[in-house]
Amino acid sequence: MNKTTSAKSRRHSGTFVERTLTGLVRKTERALFAEEIARADGLLQRLDPRVKIVGLLSLVVTVTLSRNLFTILSVFALGVILAVLSKVPVRELALRIWLSALFFTGAIAVPVLFITAGEPLLRIPLIGWTITAQGLTSALYLTSRVEATATLSILLVLCTSWSSVLKGLRVLHVPVVFVVILGMTYRYIFVILETARDMFEARRSRLVGRLDGRERRHIAAGSIGVLLTKSFYLHHEVFLAMQSRGFRGEVYVLDEFAMHSRDWLALAGFAVLVGAAVWLGRQESLQTLLNLS
Amino acid sequence: MELAATKYAFELADVTYRYDEITALDGLSLQIESGRRIAVLGANGSGKSTLLRLLDGLYFPDKGTIKSFGEPLTEEAMQDEEFAFAFRRRVALVFQNPDVQLFNPTVFDEVAFGPLQLRWEKSDIRRRIDETLESLEISHLKDRSPHRLSGGEKKRVALASVLILEPEVLLMDEPTAALDPKSRGHVIDFLADRSNAARTVITATHDLDIIEDIADHCLVFENGRLAADGTPSAILADHDLLERTNLIHAHRHRHPDGSFHTHPHAHRFHEHDHEHK
Amino acid sequence: MHIPDGYLSPETCAVLYAAAAPFWVVALRRIKRLLNTRMVPLLSVFAAFSFVIMMFNIPLPGGTTGHAIGVGIAAVVLGPWGSMLAISVALLIQALFFGDGGITAFGANSFNMAIVGSLVATAVYRVVGRGAEITATRRVAAAGLAGYAAINAAAFLASIEFGIQPLLFHDASGAPLYAPYPLAIAIPAMMIGHLTIAGIAELIAAGGVVAYLQRSNPSLLKFTAPDAPELDSTRVRTPRSMRPLWIGLAALMILTPLGLLAAGTAWGEWSANDLADPAAREHITTVSQGQAPPSAPPEGLARLSEIWTAPIPDYAPAFLSSPAVGYVLSAMFGSGLVILVTTFVGWLFGRRREKLTTTTPIE
């Protein structure tokens, strides 16, 4: 993909065309980054995708089930360890996942500190607002949960090629037709992204100066309209191409998976971890360990 | 079900095809012998792609009939799974736009798609995938996603995805369009290769440079009608025909001395190094 | 609007997965019957299209930009069933691959945006556009309002899902385990942004696309408008004014909060007053396993609720001081305020108007 585009769009990012272009380029770059890591030789990359999907998704569910901070933070730590062992650059992870989650959820969680009923913990001088222990705990629940689940789910896609994720989904009894649709959707996201990018780049070269709001809205809606028309044409062509190779409505796929002993081991490992975390997460007594109230 | 070996791969009688108001093919009659290598020539919009889609049993004529290997090629006939599978195996189409044809998550899945839909044995499929990828020298791309391939690689994967079926008839829609010179060379080499001679190859193109290499017979289309047919050398020699059917167009060039010069000019992909008026 | 993991309790997620599942099954069956072999490529390409346009920046009045989900467009082109499947697939890829929206919350996100969104959009489009010609201005307005209503319905559902979390799920100390804001805060907080920015982005996208398709490819609009009279191609259309669209929008903006009001005090029950109300405290005590919550409302919550009721004068009818009215009004004030501010900012910065260098139509 064309790297100069993003630099250019950042330089004069002012109009919605530029902003959209930047967004489109970022998405493709991010996908490329993921594909690179999925090819690295790390712990998670070596596992059977089915084990990874089942294991990491169970951990995500465990985090949401957990009723104490200790467990959530432990699973978060586990996620970080898995990331390191799988050669996921922690700096990238921190920037792309942790910081952005912190900004978003952190901003949402701040007022919680003051408005949650509970024991006063701290009174902010000057404005006189009171932080309650329950407020603080609640804010921590939210942010730690979001960070932990975001880390685990990003590990799944970073350490598994998309095609393996798809095949692994079949194991969760997702119907074939749905898995095929997912695969084709992902495929055509890139085609349509590229079409959109070309369209916006062409548009940018034709536009000089600022447009008024009506004109801009006109162009934005028109662009979506063009893309819709092209998508409609694309779907028709794809349909013909599928038919041409014998597609008659039902899809057949090759499932090629081999469970090695290390996959069974990993599965057992995940089972133990998930079991332990579920049990820990139910322990009310642990709440006093980190809770401030 | 086996389709019999016949003299003609396709027989078209008075075929008309319309898209809403536009008549893309207009009362077309022709026969295509098995084993021939045919170039279908014509300017954009002359009906080449439409013809290939009719031959591939994707569209069906509004008027007239098409027979393939002696059997009528109709919507009803294609409803029959046995007939459809036999036909799909025998006739394959490579679309002009590889993005349309490569809809699977990986190259491996792409090549496996055809045989899987035709319910081949899974072990046969695996073996044939390896052989096909090998023969097109793309084994190293096996696990790649199509969106990460270059134009030339995409074209080769698209070819692999149909060649795995070992079709008798190969329909190619503008195989050299939008390729860099090296990939274009690969495609021409493939089509010119006499070891493919057992096959019937029908190539739609407006790239006049390649037709002597890839075809022994040309059909020239104009507005959905057959304007002429003949050997590549005969067609290339007929400037009036080529100009009339917009395959070449007269260009006026200004020369350094300021005089104008008009000459016929092949309609193909290249840059002009002098000004146009 | 894409609810991440961690905001909803597993119970809520499970319920919403269960609520979404039958819609997916029915939609899949209907689409399969309707489209037959075409279903797979159609849904795939349209899901991809939905995914891509979710990234578009839509210029809004006043100079800001916003993102649309595209549910209005999808419902108008594909109908409710195709739309809910395409948007669900787009949401799943966002969740799985790009980390937008949670995996446990995928059921909730699909239910809100894809399912309810598509149904609401279809209903509005059918009612407002009923019997109009394919190229009628009314269809543009209908699509715009469909998008606007759909996104707000989805946001409203999401806000309820958020709002019930602190009531139902907290730890022994009474600290909320998931989304911490009660309905009385969650609803206005979500609705302000959606009645304005996100809603208008959706409206512009859906209305604009229909206007575009009317000019360039009206056949794409026929699928969901079987009742449209045949086109009269001899009639020359004059450029249309968008005024009906903006009037409709204004009506919706006013009516939505009033609609909330009609649903009564249900949401007011858990406001600051409750902590002082013995019955409510009883309830909270039981669910928080024996620990009594503090008897006085925390200052912060009291202050927030004052913000809503402060502008209402003392002599107003009593019901106006109820918290429900409070946040409905605050939603309206908020919406109005955001519009005013963005318009003002846009006016300040947008006065240097330049022109398109070319009038080439969009290809």
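Chains here go by letter, A, B and C, matching the order in which they are written, and residues are numbered from 1 within each.
The rule is simple: a contact is a pair of C-beta atoms (placed from the backbone, for glycine too) under 8 Å apart; a residue touches a chain by one contact, two chains touch by 3 or more.
Keep in mind the model is a prediction, meaning the values are calculated, not measured.
Put simply, the chain farthest from subunit B by mean CA position is C.
Distance from each chain's C-alpha mean to the overall C-alpha mean is smallest for A.
We define each chain's centre as the mean of its Cα atoms; on that basis subunit A and subunit B are separated by 41 Å.
Our note on geometry: subunit A versus subunit C, Cα centroid distance of 22 Å, whole angstroms. One simple way to say how far apart two chains are is to compare their mean CA positions; for subunit B and subunit C this gives 48 Å. Shared contact sites, meaning residues of subunit C that touch two or more other chains, fall at 41, 44. Residues of subunit A in contact with at least two other chains: 162, 184, 186-188, 191, 234, 238, 242-243, 247-248, 251.
Shared interface positions of subunit B, defined as residues touching 2 or more other chains, are 103. Contact residues on subunit A toward subunit C in their complex (touch as defined above): 16, 19-20, 23-24, 27, 30-31, 34, 57, 60-61, 63-65, 67-68, 97, 101, 104-105, 109, 111-112, 114-119, 128-130, 132-135, 137-139, 141-142, 145-146, 148-150, 153-154, 156-157, 162, 165, 177, 180-182, 184-189, 191-193, 196, 206-213, 215-229, 231-232, 234-236, 238-239, 242-243, 247-249, 251, 284, 287, 291, 293.
Interface residues of subunit A facing subunit B in the complex, by the touch rule stated above, are 35, 161-163, 166, 183-184, 186-188, 190-191, 234, 237-238, 240-248, 251-254.
Contact residues on subunit C toward subunit A in their complex (touch as defined above): 4-10, 13, 28, 36-49, 51-53, 55-63, 65, 70, 73, 77, 89-90, 92-93, 95-99, 102-104, 166, 170-181, 185, 204-205, 207-209, 211-213, 216-217, 220, 275, 289, 293-294, 297-301, 304, 346, 350, 352-358, 360, 362-363.
The touching residues of subunit B, counted against subunit A in their complex, run 53, 56, 58, 81, 84-85, 88-89, 92-93, 95, 97, 99-106, 109, 112-114, 116-119, 122, 125-126, 143, 145-148, 161-162, 165.
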